[in-house]
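By letter and in written order, the chains are A, B, C and D; residue numbering begins at 1 in each of them.
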């Protein structure tokens, strides 16, 4: 199975990278942007007997390692043979 | 007084800390390998600077799970001295031994330069040799030293006086201009409520000899050593 | 006969192919062709430059290891050897600035590690097109240099940055690494001992950087982007572990040799290792090579340029000791073959034969190219009488200090960790940087220098000036210049005027190095720096130099130190305006001959400065380089944060006012010293037959030349530091 | 509208971060992972008269700034009042 994890900075955390990307885009003429947030995308190939199990394992990975709850939120989707569910 | 210096894969200030402890301070030095869950009877554990595990994913994120960290957690709970410098500070935050987190510098650039720090606590084992609100010169060298904590945590830190070092100008004024990385409240270093776990981004081990540009860093090492002496006599 | 197209893909000429078939008495197979293609490439074989490089002096009392090993080594006393080398990563950096620069740093570090030395310093010599057009390159390259050096924990203490149109499509990224090793522990990459094991350690092997064209031709069936070779991505964290593990190898005597994997990967590292031992060969089983991806052919494995890998020759039977050392650092290691005595490099894939080539054919088989040089047409001359007179030296100073080639580099080097190691006793920002050798009083001064505009105007003289400037930067710290590593960057040598530039440059280098007793112990050549024929770069022979001071307590900084000190100009000034920044910035001219260089005077001036430093007469010393006397003086003030008060400059004919302030006559320093030291300096100067002249007195917060101009230091700093951040 | 851009290292390109995270997860006992790739997630708030226009603009942003085509691939989805399309 494939797990797609997205980790984003919490809204309260200022995101210097996002600010810089926004400025960069603006100087390139993309002025229609009102806000940019930059986070991480983590793709995991994993073995799991069921989607449910996979979900629990990935949840645990996020809690322990992939995200820092002080500054980050996370969400993920599991792909089992082509079907995605959040 | 026995200093333990932790070595993770990717750590590099271990040798600089070791040099200062052994050659400049003349205290006992013990390197602690990340895989060994054994503190070898050290009195003060230093988590040095570097890029443990490349700082991949997040600074300190992977290092905090090293076997040695569990022992360090217990050691801290028992009141043992734990001192995180730069990457070590980041590890301590990830491990939850200190509150908050260190994010990308506001400039998004790595910064290696001298900074002025105002010392706001001198009643700690780490700073006893510093004068009240003394301004010390210590270099920083990091890309992710921008201290963040949520408002509640931050005010708790301030109320309990857990902010030990703040970036300031040469005269001790805490200004935006003197803030090299965007840290909230110009925070350069904090201590836990009990006062035995210190985390700081600047590198005191880089300014313990005049030929390197300054000796203020040595005061911190001396403080720890002196503290131990007190314990011995009392 | 294979078809022309295939030959072009592996970059072999029909003539070279003929030589191969003759030597083998058969046609090479695909893998053999690929292996020969990379090893016979200019990059690996130096077939266009070898003949010229032999002219460089490479011996001297201090030399322990000259060219031919992974890096050069010189003795610095107390049982220590300094190991160092400079290398280019121009083409990769043009394609992917960040990773190109980062992997360039990673590569040069491995060269030093292979000698058994611990790297203690990095320098980076950079050339870009004009700003702001080139800011993408600058950003990426500087971030890449820092990204690798900062992470691995080796201080980046020096380098240079220049901007010129000629580098717009061909930015130059040259990285230098310096290391230390006990003389008796110096390693050499020789595959000694038949039967000894060849171990591959470090990163797994992926399809990184396999020379695109030939790769594609082998993969015609597969077309998707993911099947194409990849730009190398560096892993400084892994290299840090590799570095420490290699240092730990010193604990065992089981290791015979260490060789890094760079260009041409496994093929070249094995061939080079075996090639250094007469009659030695190697047997390699590609199936034993740890892979990063599936579906890799033997061709991929033999030619992969995956980073952070090392080849280790281990006494047979003691592989486990070595394996354990790498496992401790969570690094994979695998025995992939052994040393033979048949003089052949034999490659198998499990039971299948893959390739079998004479080592000598791989390493020295390529026919050296006989190219002809034809002098380029003379660059425009300079009619000095036609230049408008200098009106306001102060205003000109400000324009020079804010010009990209002269402005402060602080915005760059503060992004590099230049302190890690607790050895940087002179940080970047002045002339050479200096590192102490812990446990001794020795100081090692390091610098890179080259003014390629001079080289463009006169390659022979320009090369000499580059050597002289590097030496001057070492001397300015109080250290004695010791040895050189050079990175020769040129355009396409098939063009006669470019080959002529190479001939002239190397002749100039050889002359200057001989005159100053400086052996060239390592180096690198980068050719074809002219994207699609047009926009050729200036000849750019970057000089990396190290120097030695017996007690770093006597080191000198560039900045003024005390109010009231005398500020002197050491050396004599002439009407040297050709090729100067002043001409370019103020008059938009790149013309004339570069400043004349008298190497005898150069020696005399250097001797004087070192003698004065020895007697502890001086408070500071700074060489005069681009921008001439006034820019150098301003730098002394800015670095020391002390102003200077000077009487008006009234040059004696024939010296022109503009040349007095901004001419770039070599063999000059600005020094400061307490008044009481003056008599002794004067007698020293007389003894060395060097002219010294009092410029003024240190003090105040402005630079002033009475009746000529007065500028607040703050305003000058604004111009100097405002530009490059 | 909201554009969600995912930038990943090209499949053959070395991904040190992914390799290290995989090892990290393994030491935490997550041995079921066969492969990890780490990329960037960029969330953009932008004005656009139509989804089609937004798509074209974001495509341009990726080409010019958000992704480094030498070593990275990108993909994105546009969210117009709650509906997502790739």
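We take it that contacts are C-beta pairs under 8 Å (C-beta built on N, C-alpha and C of every residue); 3 or more make two chains touch, one makes a residue touch a chain.
Owing to the predicted nature of the structure, the values given are computational and were not obtained by experimental measurement.
Set side by side, the interfaces B-D and C-D show unequal numbers of C-beta pairs in contact, with more at C-D. Computed from the mean C-alpha positions, the centre of subunit A lies at a distance of 41 Å from the centre of subunit C. Here the spacing of subunit C and subunit D, counted between their Cα centres, is 37 Å. With centres taken as mean Cα positions, subunit D sits 9 Å from subunit A.
Multi-chain contact residues, meaning those touching two or more other chains, occur in subunit D at positions 16, 20-21, 24, 28, 38.
Residues of subunit B in contact with at least two other chains: 53-54, 56-57, 61-62, 65. Along subunit C, residues 235, 237-238, 330 each make contact with two or more other chains. Every pair of chains in contact is given here: A-B, A-D, B-C, B-D, C-D.
Across the complex, subunit B meets subunit C through its residues 9-10, 12-13, 15-16, 19-20, 23, 49-51, 53-56, 109-113, 139, 141, 143, 203, 205-206, 208-209, 211-213. Partner subunit B is touched in their complex by these residues of subunit D: 16-17, 20-21, 24, 27-28, 38. Per the touch definition, subunit A reaches subunit B in the complex via residues 9, 12-14, 16-17, 20, 40, 65-66, 68, 70-71. By the touch criterion given at the top, residues 53-54, 56-57, 61-62, 65 of subunit B touch subunit D in their complex.
Taken in their complex, subunit C has these residues touching subunit B: 146, 150-153, 235-238, 240-241, 329-330, 413-422, 424-425, 427, 436, 438, 552-553.
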